[in-house]
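Some structures to go through are shown next.
Both complexes below contain chain A, partnered by chain B and then by chain C.
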Partner chain A sequence: MTGRLLRDHLSLTGLVIIILIFAVTMAAPVLAPHDPLPVELSERLRSADDQYPLGTDPLGRCLYSRLLYGGRITLQYSLSVLAIILLIGIPTGLLAGYLGGMVDGLLMRVADVVLAFPNLILALVVTGFLGPGLINVMIALAVVSWVQYARVVRGMVLSLKQKEFVLAARSAGTGPLGIIWHHLVPNVLPPVVVMATLNLGGLVLSIATLSFLGLGAQPPVPEWGAMINEARNYMVSTPMLMLLPGTAIALTVLGFNLLGDGLRDVLDPQGFTRPRQQSAGSSKPSPRLFSRRGSQ
Partner chain B sequence: MDNVHKQVLEVKNLSANFYTSRGLIRAADNINFNVGQSECLAIIGESGAGKSVTALSLLRLVPHPGRIEEGEINLEGRDLLQLNPKEMRRVRGEDLALVFQDSLSTFNPVRTIGSHICETITAHRKLSSAEARDMARCKLAEMGLPAERSFRSFPFQLSGGMRQRAALAMAMSLHPRVLIADEATTSLDVTLQAQILHYLKKHLQECCMSLLFITHDLAAAAAVADRVAVMYAGRIVESGPVREVFRQPLHPYTSALLRSHPSFCPGRLEPINGSPPDLADLSPGCAFSPRCLKGREICRNKVPSLQELWPEQQAACHFHQARKNDLREAAVT
Partner chain C sequence: MQVMLKYLIRRLLTLVPVLLGVTFITFILMDLAPGDPAEILLTRRDIEVTPENLQLAREALGVDGPLPLRYANWLLDVLQGNLGTSFTTGEPVSAEILGRLPATAELAAGGLLVMFLLAFPLGTVAALLRGTVGDHIGRLTALVGASIPSFYLGLLLITYIAVPMEGIPVMGKDEGLISLLLPSVTLGFGLAATYARLLRANLLEVLQLDYIRSARSRGLREAVIIGRHAFRNALIPVVTLLGITMGHLLGGTVVVERIFAWPGVGRLAVEAIFDRNYPVIQGYVLLMGLAFVCMNLVIDLSYRLLDPRVRMEEGEGKVS
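Moving on, here comes the complex of A and B:
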């Protein structure tokens, strides 16, 4: 499995990007030449030199250090949001799918309501309601994104529980919890891992977006989206201030997406997480059909 | 066959219905049978005759929209239909185990064979995982499998025969009182089938286990069973000791079945005309009457009941019952 993933150039690139970004940001306290917070107005808007590898921002803070620390915050919060989403979404989907009936109806109607609004707009509303701050952004994103996981997991559980191995397990005396834990969870996880990886890129982007809008990280906390926002007034005179955090966000998202695509080919050949084919009359055979045939 | 068998499993008036959009389907209709200790009862019939539903009803696992309507399933004096879900779970696997036909779908594709067997063991026994693993390996070895390798294999890594033996090892892991083999040897080649049948027969005697052998393979049934019950359209149409039923079938369906099988008919084979009936749209009389060569007026209007026509041999057929009454009248006068 790992071999197949590493042989694919694109996913390997993604993996390398992700590992590099993680390594660099996690090592920020070691790598950063300056403290990212204190204001040093005498040093404002300096260009790159030995002391400041990427120059300074309008408040005289080292841009390089802020980028490194900013990445830490972005990644930390994205991962925390993801963890919350998974902890809510997977059990909800498992319950709804396995129990069916009233429980399923109730949970899925709640999911429908959440799905009816565009994600970012709803997140904006929730953050607006809770007030700005990274923790609130985290809650807002979790509220709007657990739904997709619950939906996907429920769908898979609905088809899995018809399988003969579930009947066989029940005929051997396994109880409902055993069925869920031993037979549903292991089968549900691979597509969920793929979804989560692809989703991480999106979460990084959402956190940056909300911070850019001033709802997430509050100054002076370095965060990529917030840094772009702070750099708006200097877009023409010092474009690097905006371009560097922008590139960092783009690279991270690209890395997660490439890795997620690769993981999907390896872990989810049946295409549970693949976006639906739009044109029915397309002349190209759909990759989904291909992999189906190949896998059976 | 001898009468000394202690009855282990007694099924009385068991009916399981399916409520579908096409109407009520009586998949198992008023089923009665007994299985004695160390005895093997074969249930034979075409596909769709209700054999598998009968098997699943015994475990109370009839799939939706099916339901067990009435009846009694006595396993060593306990009526399984009266147990609560928790007690029933304890019965499954521990007292009554089931082996399916398709061993590839019996196992979860993302888990190893060993973890399946351990799961069954730990569901019933309070054992540490190391003890459960040892027990599972031991069971696999007993079935003639390389214990360590098959324990760690995923289902798709084993051949069909090995997998079926692993499934059997799983079902036998807790020494069930009754093993239900639902077409368990059908997908295997003849040599392997013979091996497994031999193993099962040996096990019946050694472990005082009973076997409910569900199959459409008449030869396999003849090889392993002590008694046989023939099912047609959800009902048992004939039952009795295997030798008597195969040598001298009473029900026209049984004899037609035997005449269409090379092992029992040395001459030219005769197919049974027509096709199995639609269970949602059964005739009011004997379900076999449209295909029966001996069909009479009464056959189309009245369902024959299962009656003992010879010692220990029962059949549900108006033709024979009428003849028996004639004989009795002749004897009286």
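Moving on, here comes the complex of A and C:
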């Protein structure tokens, strides 16, 4: 499996990009030469030199330091949102799929309603009502995103629970929790990993977008999207202010997309995580592919 | 046709709970809002905040009484086209939103056009060049294109195209069709990247079918095979894939309208968020939810009209 992943140059590139960006941003306190917050107007808009490796912004803050800390914030919040989504989405999907009946019906109706809104717009509006701020953006993104995981997991469970190995476990007296934990979870996780990787790119984009609109990170907190917003008045005179955080976002998202794309070929050959084609028959999961793992 | 009609009726029936849910979420958001809307309304209008005035304002806003009753009242109002009044202007929310809607529709249409113009040639070429260096470059380009945030792309276009060339407007829509150029490109570019990949995958799938093989064996030229035989069939799923991009399209308009000072509903909504103008935000999310649901319905229906095979499947009572 790892061999296949390594052979695929693009996904390897993605992995390298992600590792580098993580390493550099998480090491911000060590790598950054300056505190990213204090305003120093006498140092404003300086070009790059020994003291400021990438120059300073209109408020005299070290651009390099802000870039590092900004990435830290973007990544930390993206990962936190993802953790919340997974913690809500996976158990809900497992329970709804396995128990069926009322629980399932209720989940599907809730999912239908949440999916009836364009994602970014619902997140924007929820943030609007909660008030601007990174924490609220996090809540809003979690509210709109967990449904996709619940749905995919539910779909997988529905086809898995008909399989012989699950029936066998059940007839051997394994309880519902045992079946879910020992037989369903291991089969469900690989496609979820793919989804999560691809989703991280999307979350980075959403957080940056909402911050760019002024709803996420509030000044003086450095965040890549917010930094681009602050750079708007200087984009012709000092384009670096916009180019650096913009390229950083694009690189991060690209890294996650490349990696997720490669992981999909390895971990999700059935294509559960491919874009859904409405209710056309072609997207129905093909059950036969599970037997390999299930027969262990 | 009877099958189609049955399908339509069933779809419309399943829409009822969804629409109720959409309106309920919209309604409940108002309850999430910090602060008492009645008090906000009074202070905005410079009316003294007294218990009597508060009570009057609550009744006027319909924020009095138990939740189900308030929801029912609100829903009745909405059905009559009454979405309340804007906190900032005092105008009816429905009028404000409808006034801004054409601009957003223009932008969305422009974005879709750019998406098609880019995605069709790119997707087709990538499918034809499958496995070659050209295909890999195409894949990389699409992945890069999908990774660039639209707000960043918009600013890049302004800085490196509009500013040096001077003739291209970047603010508002007062200069006619040309004003639509950069906003449409900004909106359509990212969508095109994803769409081209989907199109490529579909074309490849069709190219492996038996009838294409038989066309090849008859010695038809590749161009004829692609143009006359493969493309038509590849187009059908492409219609459904539109459903996936619609959400991104609507979401994208908010960002693009903000960058290019485009006077549409998205910009209205963002302004409303900063003004804590809750009735306008509420109207906006309701409108977007309805628009999204309707678009998906239309896409679903046209898919069935275009592809007899799906209709057959539906006729057998198979619903996935």
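Following the convention adopted for this analysis, the second predicted complex is superposed on the first by the 275 of 296 C-alpha atoms of A that agree within 3 Å, B and C clash if a C-alpha of one lies under 4 Å from a C-alpha of the other, contacts with A are read in each partner's own complex, and residues count from 1 in each chain.
As a working rule, contacts are C-beta pairs under 8 Å (C-beta built on N, C-alpha and C of every residue); 3 or more make two chains touch, one makes a residue touch a chain.
Fair warning: this is a prediction, and the values are worked out from it, not measured in the lab.
Q: Chain B versus chain C on the shared chain A, clash or fit?
A: Verdict on chain A: chain B and chain C fit.
Q: Just checking: does A:209 make contact with chain B only, chain C only, both, or neither of them? Give me first, second, both or neither.
A: It touches chain C, and chain B stays clear.
Q: After lining up the shared chain so the two structures overlap, which partner does A:200 touch, if you call chain B first and chain C second: first, second, both or neither?
A: In the superposition, A:200 contacts neither chain B nor chain C.
Q: Between chain B and chain C, which one contacts more residues of chain A in the superposed model?
A: With both complexes superposed on chain A, more residues of chain A are touched by C.
Q: Regarding the shared-chain residue A:163, is it in contact with chain B (first), chain C (second), both, or neither?
A: So A:163 only meets chain B here.
Q: Looking at the overlay, does A:248 come into contact with chain B only (first), chain C only (second), both, or neither?
A: neither
Q: Look at A:186 in the shared chain and tell me whether it touches chain B only, chain C only, both, or neither; answer first, second, both or neither.
A: A:186: touches chain B, not chain C.
Q: I'd like to know which partner A:109 touches here: chain B for first, chain C for second, both or neither.
A: second
Q: Can you report the vertex angle at chain A, computed from the C-alpha centres of the three chains with chain B and chain C as the arms, to the nearest 10 degrees?
A: Reported to the nearest 10, the angle reads 100 degrees.
Q: Counting only touches as set out at the top, which of chain B and chain C does A:173 meet: first, second, both, neither?
A: Only chain B is touched by A:173; chain C is not.
Q: Considering only C-alpha atoms, give the closest distance between chain B and chain C in the superposition, rounded to the nearest Å.
A: Least C-alpha distance: 12 Å.
Q: Once bound in the complex, which stretches of chain B touch chain A?
A: 59, 61, 63, 89-94, 97-98, 100, 102, 105-111, 115-116, 119-120, 123-124, 167, 170-171
Q: Quick check: in the complex, which residue numbers of chain A touch chain C?
A: Against chain C, the touching part of chain A is residues 10, 109-110, 112-114, 116-122, 124-132, 201, 205, 208-209, 212-215, 225, 228, 232, 235-236, 239, 242, 246, 249-251, 253-254, 257-258, 261, 275-284.
Q: In the complex, go through chain A and note every residue touching chain B.
A: Chain A reaches chain B through residues 163-165, 167-175, 178, 182-183, 186-187, 190.
Q: State the interface residues of chain C toward chain A in the complex, per the touch definition above.
A: 17-19, 21-22, 24-25, 29-30, 32-34, 136, 139-140, 143-144, 146-152, 155-156, 158-159, 163, 198, 237, 240-241, 243-244, 246-248, 250-252, 254-255, 258, 269-270, 272-274, 278, 281, 284-285, 288-289, 292-293, 296, 299-300, 303, 310, 313, 318-320
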